[in-house]
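Once you scroll down, you'll see the structures, which are given as structure tokens.
First chain A sits with chain B, and in the next complex the same chain sits with chain C.
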Partner chain A sequence: MDNIVGKKPALTWAVNISMAVLVALWLFPTLGLLVSSFRTADQIASSGWWSSLGTQERQVPAIRVEGTEVEVDGRFVIEGRLFDTTDARVSAWGTSSRQPEAYAPGQVVDLDGGATLTVIEDGTYVLSSPVTTEGTRLPRIFSTAATPPEFTTENYRAILFDPKNTDGMAKAFFNTLTVTIPATIIPILVAAFAAYALAWMDFPGRALLIAAIVGLLVVPLQLALIPLLKLHNDIGIGKGYLGTWLAHTGFGLPLAIYLLRNYMVGLPRDIIECAKVDGASDFQIFTRIILPLSFPALASFAIFQFLWTWNDLLVALVFLIDSTGETTVMTKQIVELLGTRGGNWEVLATAAFISIAVPLMVFFAMQKYLVRGLLAGSVK
Partner chain B sequence: MADLQLINVEKAYGEVKVLANINLDIKKGELIVFVGPSGCGKSTLLRMIAGLEKITAGDFLIDGERMNDVPPAQRGIAMVFQSYALYPHMTVRDNMSFALKIAKKSPAEIEAAVAKAARILQLEPYLDRLPKALSGGQRQRVAIGRSIVRDPKVYLFDEPLSNLDAALRVATRIEIAQLKESMPHSTMIYVTHDQVEAMTLATRIVVLAGGGISQVGAPLELYERPQNEFVAQFIGSPAMNLMAGEVVETGPQTRVMLANGGVAVSSVPTIQSDRGRRVNIGVRPEDLLATTGAAIFTGEVEFTEALGEVTLLYCKRQGKDAQVVAKLPGIHNELRRKTVSLGADPAKVHLFADGQSLLYR
Partner chain C sequence: MNPALQGLITIIIGVGGCVGYFYASNLFLDKVLFPARGIEKGKADRSRLVGMLFFFLLPALAIVLLYGRPFPLVVLQEAGNLFRLVLSVALVWLLYVAVNFLLPPGERTAGDNITRANMIRPWLFLAPALLALTVYLAYPVIETLRLSLTQRLPGGGYAYVGLQNYEKMFAEPKFWEALQNNLLWLIVVPALSTVFGLLAAQLSDRIRWGNLAKSLIFMPMAISFVGAAVIWKLVYDTRPVDQEQIGVLNALYLFFGGTEPQTWLTIPFWNSFFLMIVLVWIQTGFAMVILSAALRGVPEDTIEAAIVDGANPFQIFFKIKVPQIMGTIVVVWTTITIVVLKVFDIVFAMTNGQWETQVLANYMYDKLFRANDWGIGSASAMIIMLLVTPILIWNVYNARKEMR
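Up next is the complex of A and B:
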């Protein structure tokens, strides 16, 4: 009597923990990527992305005193600020790299030649000297300061909008869209018709066709790459968008037809028969009744197809990208960046985030259809 | 508005014949009800008339025109499905106008037809709702409205009330009866397993059993003069009592000596050669009366069910033969465990030999 309806299963906590682990596994890398893409190279090098979210205390690189000298009461005074922001809090400072934390804020320190230097907490400093410092090398200030979070959109500007940047992602982004959108729409159009025929029209060989489609589901795509490319070259399509759309369509069709057929078969027979009695032809039944009712399945397949064509590298490399590089897609561009800008984490993080942003938006906008589609045909 | 004819119609799935030798003439303006136990093929027959199932042999004519291979839409029929089969993504108005739009009628014509049907069925307030926002009874009315707008020659109803609750079923049944009355020239075929619907709605009832037609007739004809034991037991509730016996006296009235020791007199005439023939007599529970004279049945009341207006007595002779059910007017709970003698008016005693009624030979 442990499984009485309404009683929580004993392993609820296990379910909850594994949920939490899964969410964490997915969320942390994504969040890290997002945060890193808004930081400068220096920030990424000096601290982890997680510490950038709060106020952080760190040693600031040496800043040389500069400013206009003003004569006050016979002494030459330079006043200035260490930081642009007023939110920083200096906790210690020094004048030599050997002792960067020698003095407390507010302390007046004697320098050589009777000069004094003081740095107060908010980062303003005063250098006072009995003789003019014009032409001499001014001292450097080392400081340890707590600075509030600081983010920049510079990475995105450089990668997306800087026309001089040859590693830019803007072109690749639009190329990826050019590949993905037709490669999502064409198989849906074809598969919806096929699925209707396989689900609701009687013709000889229907069962065999369905079996063949299920068989095609498990054929690895690599098998067809080279023969297909040869075919494309022979019939004059060559490398290009058209060939890529055709390849994506072909590779996506078995799953599309299978998913949609399973969904359409589950629609009530009475409704279709009623439409027949009402005088609708098969085409009218398809467009007026089946298509609107199949919207959840269509949407869920569209998400699947969109996500995998968006993330695809293999098909694009084989069928699209040529030596000119004009038709490069984002996945390929990121591979390139790994080679040319391998040390620049801010560039890589930004590029990666740009490429996952669209799938993320698609996922969040259509998640209810994704789940519904996963269940298509499995439960009534 | 049409005559239908089924001539030797047959339905086979591969080798298995589910329906055979179906011969039926349906006159214009009749409301024909198909009844039968589940699996008897009544829905299949309706779907064959609709054109949703192929007729594997025989001819089906509407107004003398052979319809076997005509697609459903061109047969001039409209069908109301058990599940209503409303298009879930369309409003009531769109549901009702769908067929007319497919037929490319003018918008004004469609508007008028929908408005008229909505008025008849009191659906006007719901025209812009989706089916999911309607109650079961309203959905059923939309389904009927959808067939009315097409102004078909034949209406087909496939168990239209079986998804409704009891109270709504009665109300909708009356609505259908009124609808039929308001359209005296339209032909309707109605499939149900509910006897009450069959008895109240039908002009004629077709009882289907064992892949064929058992009897066709007006409701009371089936009740009063069943052609065979199947129809006798199928029509009426509780079912007719059958008791085995032997004919001992023939003539305009027949006397039967029953195996349970009783004696029955029936006004079914028999001929000389019937003497000694083994027969079953049939008496409806409501026709059995307590008697002091010659009893058809004497036995102990095992169980009673008082329904208020009537009391059902389940009687049995000590350890012997089948149960006999009697329906007595009024409340008789005191009869439990008592021994009763039951007799019947000879006019109400049916005679069956080899399952067939002796009335019809």
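Up next is the complex of A and C:
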């Protein structure tokens, strides 16, 4: 139908542009976080992240002249560079904080005692003095320079690999992983068996059970918090991984059963009947035929459950994290950082991006299954 | 023990236990209990004896011992001893009837055995899932209802207080604020998500890079609410007036003539909308994926007929396509509605309900774990449940209709 509708060039343009705007709007916030996580605290605080992508002009904090003194033609000369890169362009400089833009690049400025200082455009400076400057305080240089984009991976090093950093995410990362993997694998198996029974076995009450599962699909998690916490305390699990795994298993089951059952019902009846005629037991049919054939549905549920458990905060808060904080997960750690390090965007952005990165990778790698699961999972 | 190791062991026990349970129970059913051959009288009696021992006597003993005494696992602990007694007797009797039916005295034919095995098997397959669903979802609903009618006593135990918790909650302005905000969320978020999703679906189906566009708009689905909260806090960030703004919104606001930077999240009423945008941003991808599939399912001949009749693209979209996918739009709408009702993380991480942004789920969390008031906490949970119930019923109704 696309050869008839909307093929007018003007309309195609409009469609392309509006879509581009929409995508840009949707991408922009995430991009901001990603870019910010690669900037230093100074950079983040002094300019918006969007300006870091292009060359930007900004005031550089004061830099004190330093370097080895060389005697040239009877004068003592120190040469040095203001920046590590050679791409920076100085547009103005000064020697006092009151007048940081007093001089133009290339200008030779007389300092006290007959010394001269000059800063040229690419950031090199020359301090020339009739007497040795050794042992004296050298002047500071304030400059305004256009610097090319500059990024650092220091934030990630500090947050992930610095064991002394209390804001570190390494421990939380492994805790999240510890919660996620069993909580993803266990419900799949339990649900697969139940889904098979609901799809291919005949027994009284089957329709009722399916209806009940559809109902449980939307029961808010909030209702389960207190009763289960009480239950866990009573039977001695308390707060910890075991309770969290169980809780995630329970909460994930309705969707798992629903998805898998819908998928299994659609499998061809002939295959199952042939297998039965050949003398296969239900258990064999299930493990040899149904399970391999249901791989797409299993995969889509696995992705759902993975994303849900990885991104979860509430269940972890209630069932996992005790007062010692040893079992904190990434989402909780980030909320904590939001409270304590609210203004330190280099910490926040990096921490958040670390927690986002894994789901994003899973998302892009297995998007096909996720979409398929969504289409099957929304109650029609 | 190292949690990672514990996790590994749990996986092995969990998966191995599941497989082992299913395998062993099926084997037991087919080989021992009901083998697919006839059983003469003497053997049948022996099997009945063994069956009675394992399936009636031991469970019955367990029921009496565990249920007869106050035991923490028991749901209806405070419902009175008489009630417990009656219930355990009824349970034991039911068990006896069931076992007696499955293992009748006298000889059995192969057919009898196979029929019986096939009657039990579905329940073997279902048992672990049913147990988990009952304990982790069904029981909490009832228990929360009960807790919402009780009050925790200082020395332990609970007292029945009727509707007092609800009355107390209704007297709190913060509750009404939460409810009001929640209703606002309920209108704004599903509406905007659906509209944007529909727009994105319609546009992306017409362009060459549509799949890329879709996956970029869909991407926030993978991002946690907490991560999204950080992302958007950066967007809403505010710096003092004399500094350069690092939040996009303030930068734009000043660029377009605003006089001084705003602290967006502290402006009552409007700040709720800034929080809602976060959820819209996440949910649009979901709406788009579902609606895009529905749009592709619209029969082409209806569209061709409209074109022949001279309809313009907008008429085709609003008068031909949208009415045909109305069912899907409703599904998307209700699904997002449920997400909205449960929304917790975003508010918790961004404002924690300050500056009049409270929502029910966060209000409940506050009551439960900060004020430690389980009664009102449960009551507010019941309000959330109440709001979900119409959708629950509608879903069940539709699912049943579809199965018939």
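Everything below uses one rule, namely that the second predicted complex is superposed on the first by the 351 of 380 C-alpha atoms of A that agree within 3 Å, B and C clash if a C-alpha of one lies under 4 Å from a C-alpha of the other, contacts with A are read in each partner's own complex, and residues count from 1 in each chain.
The rule is short, and it goes like this: contacts are C-beta pairs under 8 Å (C-beta built on N, C-alpha and C of every residue); 3 or more make two chains touch, one makes a residue touch a chain.
Everything numeric in this text was worked out from a predicted model, so none of it was measured.
Model built by superposing both complexes on chain A: chain B and chain C fit together without a clash. In the overlay built on the shared chain, the residue A:305 is in contact with neither chain B nor chain C.
With both structures placed on the common chain, the touch criterion links A:155 to neither chain B nor chain C.
Once the two complexes are overlaid on the shared chain, A:271 sits against chain B while remaining clear of chain C.
By the touch criterion defined above, A:22 lies against chain C but remains apart from chain B after alignment on the C-alpha atoms of chain A. Touched residues of chain A were counted for both chain B and chain C, and C has more of them. Superposing both complexes on chain A places the Cα centres of chain B and chain C at an angle of 50° as seen from the Cα centre of chain A, in steps of 10.
Of the two partner chains placed by the overlay, neither chain B nor chain C lies in contact with A:176.
Fitting both structures onto chain A leaves chain B and chain C with a minimum C-alpha separation of 6 Å.
By the touch rule above, chain A contacts chain B in their complex via residues 268, 270-271, 273-280, 284, 288-289, 292-293. Here chain B touches chain A in the complex through residues 50-52, 71-74, 77-79, 81-89, 98-99, 102-103, 146, 150, going by the rule given at the top.
For chain A in complex with chain C, the residues that touch the partner chain are 1-2, 4-6, 11-12, 15-16, 18-19, 22-23, 26-30, 32-33, 36, 44-50, 174-175, 177-178, 181-182, 185-186, 189-191, 193-194, 196-198, 201-203, 206-207, 209-228, 230-231, 234-235, 241-242, 245-247, 249-251, 253-254, 257, 281-283, 286, 307, 310-314, 317-318, 327, 331, 334-335, 338, 345, 348-349, 351-353, 355-356, 359-360, 362-364, 367, 370-371, 374-375, 378-380. Residue ranges of chain C in contact with chain A, taken from their complex: 3-4, 6-7, 10-11, 14-15, 18-19, 22-23, 26, 30, 72-73, 118-119, 121-123, 125-126, 128-130, 132-133, 135-141, 143-144, 147, 196, 199-200, 203-207, 210, 213, 215-227, 229-235, 237, 243-248, 251, 281, 284, 286, 289-290, 293, 300, 303-304, 307, 313, 316, 327-328, 331-332, 334-335, 338, 341-342, 344-345, 348-350, 361, 364-365, 368-369, 374, 377-378, 381-382, 384-385, 388, 391-392, 395-396, 398-400, 402-403.
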